[in-house]
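Residue numbering begins at 1 within each chain, and the chains themselves are lettered A, B and C in the order written.
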Amino acid sequence: MSAAREDILGRVRAALRDIPAGGESDVPIPRDYRRHSDQSRDDVVDRFATRVAEYRATVRRVPAGDLPAAIEAILRDRNVRRLVIPDDLPAAWLPGNVQALRDSLLSAGDLDAADGVLTGCAAGIAETGTIILDGGSRQGRRAITLVPDYHLCIVEEAQIVDLVPEAFARLHDAAAGGRPITLISGPSATSDIELRRVEGVHGPRALDVLVVRA
Amino acid sequence: MNIRLQPSVPFERAAPEALRNTQLRRNLARATSTIRAKRAQVAAELPDWQALRDAGARIKEESMRHLDRYLLQLEESVQRAGGTVHWARDAAEANRIIGDLVSARGVDEVIKVKSITSDEIGLNDALASRGIRAIETDLAELIIQLAGESSSHILVPAIHKNRAEIRDVFRGSMNLPDLSDEPAELAEAARLYLRRAFLRARIGISGANFAVAETGTVCVVESEGNGRMCLTLPRTLITLMGIEKVIPAWQDLEVLLQLLPRSSTGERMNPYTSLWTGVRAGDGPEEFHLVLLDNGRTNALADPAGRQALHCIRCSACLNVCPVYERVGGHAYGSVYPGPIGAIITPQLVGIEHASSLPYASSLCGACYEVCPVKINIPDVLVHLRGKAVRHHQDEDGIRGKVDPENAAMRLMAAIFAERKRYERAQRLAQIGQLPLARGAITRLPGPLAGWTAMRDLPAIPKQTFRQWWMRREQR
Amino acid sequence: MRIALFITCFNDTLFPQTGQAVVRLLERLGHQVEFPLEQTCCGQMHFNSGYQREAVPLARRFVHIFAEYEAVISPSASCVGMVRDAYPRLADLAGDAALRADAEALAPRVWELSEFLIRKLGIEDVGASYPHRVTYHPTCHSLRVLHLGDMPLHLLRHVRGIDLVELPAAVECCGFGGTFAVKNADVSMAMLTDKVRHILDTGAEVCTSGDNSCLLHIGGALHRQRAGVRTVHLAEILAATEERPA
């Protein structure tokens, strides 16, 4: 064990001399904030769609049966030819008019050369208009939703929760299991130039979301 | 001697000069009032904002009270997930550890996500002295780096630059002579310039907003996507983190990630938040190194009245609401941590005698405390640190402390107030003594009080004090 | 109810008319006021400037002098804030458990004038008359330490003949801050410039507040600038009547 480690821990313990010994938590954390939503499912999904759209992402709502057609139409409108997809993307989601690049550790250069990426997600948060990826089913690794300039994300209504605490409760096991998690709230942006918000710096500059009703 | 944390010019000398910079004044006023309004709006949107603040304050308090336990738990969790944990007592040690990690991998260029902690230790300069180029990838940090300056705001480091100035910096360093000053064009120029760096980088260096002891998860909050680039694409990731960033449990993030974006950029949620744990096969860096930094934090921790300054989550809400910061900007504070939080953190990190002007850079209006998402009582800590400054001066500065005119005046006033007859005599002396100065109003005061009458009048001291009036009335 | 007036050292010396107004007002409302002559200063200037060791004896004096009163009233939110908010901290700093106990016992009986009128006496209309155009500056201590909110405005709205006009950006600090006004005079003045601008924009003849410390600072600039606006403490407006104008 390093000398620095022992020194620092020693200094920390000496600094906390005034804290009662025993090591148990003695400061109860008041959790009186909202942890469970009282909103109807319809309101939650509506709010999700509205808030994601406020970030200048395009949001469309479709019934499950129309999903493949909707995907095909959007990708055609966006002029996406070379499409990156995670290895476990359902075949039914894949339109015929694109060249699918099934991710098996594509190089950064290959990802950069693609026109876009299509994935599902782990969850959505209505209150903040957030999409969550945890590297699980239908999402692939982090690089594929980062490097391509366009991301089409499929969100199922059942995946949407209202509040941030509800989402974090759902993600606990993924985190404890070491899965990397990314929260996405709109396309990338900066306000560093005279505080004028400019969309599209790094990360996908265009984000489309399809909210699917079962 | 940490030049990034120790003001070389005391605040009371740096501030008047900053006040005269009219462009800075204009940029700051516009920027801070804009963010102020946004923050107020999104905070008001949440019916449980105060409950979140209460929870946030307690989470941070708990983290500090048992910091050793949580650091050990964090170390174990990170190691279990395949990461390596290093400990750095001070800036020099942290720079050496990080420099060694980079050199050992035969790399001479690294990409960086914004990290004030890395500014604190002077990482870029330390790496440069070893032939390692550190490319800043946050747009504002890039602007500052290319312009050869230093940051003036925790969140919006280039707040003191307008777009024409930014255009000039980019034209020169990116070889784009025809670049306009349209923000969209400026952002595009930065994007292309940096993309090449992202795709070739082998080592990324980041800071951390939070690190969860329970799971070993590290969290970085950002807007542009450069963080995700640095955290995901390189083969090796090095994260530098002040020890005060550790939090106990995964659940605590649900509080802090609501408080932070609303308090900092005035958004419901920032565009990208990355949460990773150690290394993950097939997804992201193959190597993860977490460098835990003390560099004076244990000094702050040792002061029960001052340690709440370590609760800071670096949102900058206090900067945006401070009437002093709004008028002088960050450079006047002489530290990488400016504004109200800087005034209480800096003296505790480096010792009160090295930053004794900072606790006085405040009118104690309390606006900062009102907006702090984790309820740091900044005014209380400012007054506490003023006490430390005075006591240090009185006790440690020998004869200079004893004959200091302010000290002498304060002790004299205390003696006057201690006894009724002395106090009443002093009042009569003031009534008489003002006669040469007063012509209806007093327009010129001597010595250290001249600052008042430089810009304000003072009413003449009335011929009859309240108590003289009362005593006369009682006699009737 | 035994009521003591805590005049504050600077009101005693520089603004005796404010103290006289408080006495007149409370007597008009049917209350007897006592003035313990032993009082001097609560120690706020020393405490806030870092001379906390020197403030301890002043705190001990204070709690002793006012111990026996049922209500201690002051026309200064900042001094009341010192007693209620800072005395316990000062006692801890001095390791003086007795002072802490005395301070905590006294605190609930110490009142700023407007909160005494509204919360303790339950009065909003004090029968005042003040036919002038007035704007009100809420002080930082009244807003953020005592949390008085707009209680003073409730009192002002009932004043007959008053033309009350809202102050823009009212909650922004005027820049006084005690010794800050002298130690960082330039910044203090920059803040005061904006406060004065807002006051002049109201077209008011009078700027009022619950604290003469802020008014000394604001009035000092208004006078220097020959702006034609004067400062008057809230107590003096509330004490004014048709028979006896301010």
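Annotations for the structure displayed:
One rule holds in what follows: a contact is a pair of C-beta atoms (placed from the backbone, for glycine too) under 8 Å apart; a residue touches a chain by one contact, two chains touch by 3 or more.
None of these values were measured; they are calculated from a predicted model.
Look at the CA centroids: the one farthest from the centroid of subunit A belongs to C.
A comparison of C-alpha centroids places B closest to the centre of the full protein. Chain centres here are Cα averages; for subunit B and subunit C they lie 32 Å apart.
In this assembly, the C-alpha centroid of subunit A lies 53 Å from the C-alpha centroid of subunit C. Distance between subunit A and subunit B, defined via averaged C-alpha coordinates, is recorded as 30 Å. Chain contact summary for the complex, subunit B toward subunit A: residues 27, 30-31, 34-35, 47-48, 51-52, 54-55, 58-59, 61-62, 65-69, 71-72, 81, 86-89, 93, 137-140, 143, 156-159, 162-163, 166, 183-184, 186-188, 190-191, 194-195, 198-199, 212, 214-217, 223-226, 228-229, 232-233, 243, 248, 250-255, 257-258, 261, 265, 267-278, 280, 282-284, 292, 294, 298-299, 301-302, 304, 307. Per the touch definition, subunit A reaches subunit B in the complex via residues 2, 4-5, 7-9, 11-16, 18-19, 23, 25-35, 51, 55, 105, 108-109, 112, 125, 127-130, 135, 141-143, 146-147, 164-165, 167-169, 171-172, 175-176, 178-196, 198, 200-204. On subunit C, the positions that touch subunit B within their shared complex are 7, 9, 11-17, 19-20, 23, 35, 37-38, 40-41, 43, 45-55, 57-58, 61, 86, 89, 93, 140, 143-145, 171-173, 175-192, 216-217, 219-221, 223-224. By the touch criterion given at the top, residues 11-12, 15-16, 19, 323-324, 327-328, 359-367, 369-370, 380, 383, 385-391, 410-411, 413-414, 416-420, 423, 427, 430, 441, 443, 448-449, 451-452, 454-459, 461-462, 464-471 of subunit B touch subunit C in their complex.
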